[in-house]
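Next come two complexes, and both contain subunit A; in the first it sits with subunit B, in the second with subunit C.
Right after this comes the complex of A and B.
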């Protein structure tokens, strides 16, 4: 009797000691694409590596790549939740599975990118990419000679629609004749489809390409055809050394380091973060040689004005596509409307897939 | 020179042995691959093939993943036996998912045990309808069914996308392309506390012997087999090849549509733009791994499901890239096709003449 008691006490003591010797915080990441995509997933992985860098052996990270947004994601998230303390799910389509799994693992902290559903142990985060769109829209409007900007879009969700509108409004401001041609590819990552879309847009006269998809294929096509394009999510200069004018970089590292820090010191909560240029979560890639110095300076000025709050990319007067007024002169869009944006602004041709 | 000669008398045991040999060769090849990647081969194989089976949750998820593979594999093996190449089961699955999902949403918050059967019928009908198109094109215009069924897969994917962006979109979902979450009566009853395995797996276990019986004992099965092995003999015997094309596509479509219903109702619980990670295509490998025998398809489906889960485990535990799953499945198919040659032909050396 006594002996078993001692043994039990010993085991308990051993266990608490090993817990004190700080089991590292185990963090899992679920990626929608391969880490080698050179875009969206690549940058999330850079963020993961920054967490390892920042906290050393206090953390241990794992990732699962190319997880389909369908039924498999729930299992992958569950498996990570079983053996990890914190799980980042880095694509919109993981939203419902994340919330479902979070309910079963109340002690695991979940972070879901770009979604809108939170729970006690589910935080959400996203970036104001539209701020970057306003800058590249300006550059595109100035650089295009055919006055046609090609836009490769993924899914007609608010985030993507917002980017199209922001880019168009900025381009229109510097070039009233500009037109935007949009191709919907219904995928986040499919180099073949994205490349085909790029070719189709070039055939229609586009000489500057933008994309809201994750692969470097459109940039490669732009390089081959001698036209310009913008990097998406990451610096894509390797795909198009001459073609890349600049790019919108998603820098998740500051956010990931901050949130893991909060988890380590116990101050984590289910926050909703929507950061832009001001937080460093959105950044610009270095300008290509083709961009004149004067334009570079103007683009940086726009970036700085957005960062310090002097400029909002959605400032009235702006009408919706059908001509009905949206924002009055000087009025600034509120976040609620932006988060649910499901309409084109006036001047964009074509209809939004509904 | 090496000569391939058909066996004069078929070696029945080779029919069963060849997939097992292929699996063994895949294990050896996989072990080699892990070794080259700097992992202990035995440990890696353990994580890949055994670890997923060590918890109730893992087994449950395995059954969940195997269910659509087995159902579709059964349907395909019937058609493939008759030489009807339905490559579009993926599209039939998607259409079944859409129709079943539409029924679930139309009956939103209707609490009745009949919701699930209604969804099943809708899923079967959707899959059959989509399978009927290549069948019609084949029988009326002699269109190549490989191409037409394959291309219709992409049409089905776009149709699903249209639906979740439009009529079936969640009214409270901020325009995101998803339907509402189904209510409880529209979710498949599960088998265990943990995981999502549902009664669909039991149904697959019932359907497999029925299909095997159809194929080996029923006159329709006989016609299917003759049509595949000797189309001229089938014609001479007065079997309607058109009827067999229709039968193959309707059965294949029905089972794929049922699998689609189970995916939306059992695995996902709503309609989303992607409801299948390619089950319709993987089931082609499953059908051949099961030697086009509905009973063989059951273990084949389980093995293939295991290879997916093993790939996930290998990423989590060993930090290996997701590509190992694809390499494993590719190796399996490769060895399978090569050992099939050995079971159908005998290899002999012969001096040049």
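Right after this comes the complex of A and C.
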């Protein structure tokens, strides 16, 4: 990993020399994981390749993978900023280093994923994955026969809690008897542990699994045991050709192409983007054969309604878990509450780890 | 409230989750009993994982896959052995380097397997016995590797207690100068123990990537090599206790997931911590009762032939 970093740094140095000739827009990407992770970082890299595809000679891209969130990331971001016009930092933990480095390089444009700190030359972006959760929640609520949905959760941060709530509310709407069993594995990535959690949930009666962890292990277990699951971050069909009902795909390509385009024509500014189905940043994986055509159509309708603003996954009346009112009838959750969500909605069992 | 039907599959999950630790820790027991501290377990394990998975994807039989995985671990151990036993490199630093090297190399080799999935590993099926209720799935329904790991525990207990070879390995680990003085080739014996440790770590890793979750992703061992290392110490270098420790650790890891599924109100962070805590406490208490069972006395000491 260290080697790839130095190679990238070397490439960056070489590029700064060759830049004198053609002068394309030079764009650097900082990844938290390896490009080969098949999930989060993989999808960011797909976005980078889409930028190259879209603008050809007008851009040059570099990436540095497996950069740990910490002091190391500040060094990598600094190196990229020295020789690039635009830098994408693609993990929440890169937030402070990005802002810090951006101060020293006012002429470089920075884009930070999933954070909330902006500056004159730092834009932020994220995706409304909960919109996808609402769709898969609907599918799960209809497909479960035991009325138990298993949910493998990583860490109790708002992003994950929001996903659980959105999925539960959608499932409950189509299936009032549905229960959600949630298991926290306290890791983003440990195939063995994720698989164990999947088995535990299945042993307890879950026949549809959702996950907010990164590996395909739960999907494999679902396939082996003949139940259903949803892909996470990427299409996970290879792990469960019969098990995958659909999946939520992080598609960064439309956003990356749009922002690089703005940088090229000089209209870039430090925007804050939180895009959902409407921007194409959240997409659905193809439906599995097990999903009836009628349900597929309904799921797509929900997606379209969310995309065009007719439907918000968090529309009242919704109570919090303890029964206290959160949203009144017809009221829609505001982004501030969603971004800081730290409570379960009514009907979810178990206590949310704080 | 609770349907106890989940118990048998839960016990099966426990055995599957524990087996990689059993293999890996047993290998390290032999290595350390011979007086060598190899901290490269995680690196050897992940190399076994990637090679084992590669063989399955390439269409080899599971048996062949495990043989090659063991060889991969052995190859890594050979590197360690040459560095520390023949060239007198610092064992701690070399072991750490071996872990980093293994993680990096496996990621490089494994990058082509991203998103690939292998089929489920066959379970042993013994006519009549495997079909018995309760006892069948618990005792006679596992994959062959589980039985190999259990046989290995018995074999190692017998080896250390009742064989001359076992005694020699222990002698080398306890006092290499004395062993050398009475004519044993300390370096060769240690090399053998190191290679055995590597092969077992390779098997442990392959169990993870071929049986437990048939896929390979960078860093998929996720610290299991370090847990195996800790188990060896807390089990005071005894194969039987290693088995106990590994099953305890695996058991509590699985049970805590079930506890969460039942919605029992214990913070999940505490539950995640529990396997580590319980294993340490239990093994420490057992080991504290019996004196004179500390580390092999020459553990981690460099041996040079001076005369």
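Convention: the second predicted complex is superposed on the first by the 330 of 354 C-alpha atoms of A that agree within 3 Å, B and C clash if a C-alpha of one lies under 4 Å from a C-alpha of the other, contacts with A are read in each partner's own complex, and residues count from 1 in each chain.
By definition in this document, contacts are C-beta pairs under 8 Å (C-beta built on N, C-alpha and C of every residue); 3 or more make two chains touch, one makes a residue touch a chain.
This one's a predicted model, so the numbers in the text were calculated from it and none came from an experiment.
Aligning the two structures on subunit A places subunit B and subunit C in clashing positions.
After overlaying the two complexes on the shared chain, residue contacts for A:34 are found with subunit B and with subunit C alike. Counted by residues of subunit A touched, the larger count belongs to C, out of subunit B and subunit C. Looking at the shared chain after the overlay, A:120 reaches neither subunit B nor subunit C. When the two complexes are overlaid on their common chain A, residue A:217 makes contact with subunit C while staying clear of subunit B. When the two structures are aligned on the shared chain, A:192 is found in touch with subunit C, with no touch to subunit B. By the touch criterion defined above, A:272 lies against neither subunit B nor subunit C after alignment on the C-alpha atoms of chain A. In the superposition on chain A, contact of A:353 is made with both subunit B and subunit C. Of the two partner chains placed by superposition, A:53 touches none, neither subunit B nor subunit C.
Of 77-85, 113-121, 149-157 or 257-265, the subunit C stretch that intrudes into subunit B once chain A is superposed is 77-85 (criterion: clashing C-alpha atoms). Taken together, the two structures place residues 34, 156, 186, 353-354 of subunit A in contact with subunit B in one case and with subunit C in the other.
Across the complex, subunit A is touched by residues 57, 61, 64-65, 157-158, 161-162, 165-166, 174-178, 181, 196, 263, 267-270, 272-277, 308-309, 312-313, 315-316, 319, 321-322 of subunit B. Every residue of subunit A that touches subunit C in the complex is listed here, in rising order: 1, 3, 33-34, 36-38, 42, 150, 156, 181-187, 189-197, 199-206, 215-217, 220-221, 223-224, 234, 238-240, 349-351, 353-354. Within the complex formed with subunit B, the residues of subunit A that make contact are 28, 34-35, 62-66, 68-72, 74-76, 78-80, 82-83, 92-93, 96, 100, 116, 155-158, 186, 339-342, 353-354. By the touch rule above, subunit C contacts subunit A in their complex via residues 3, 6, 9-10, 13, 17, 20, 104, 107, 110-111, 114-117, 120, 208, 212-215, 217-220, 222, 224, 253-254, 257-258, 260-263, 265, 267-269, 272.
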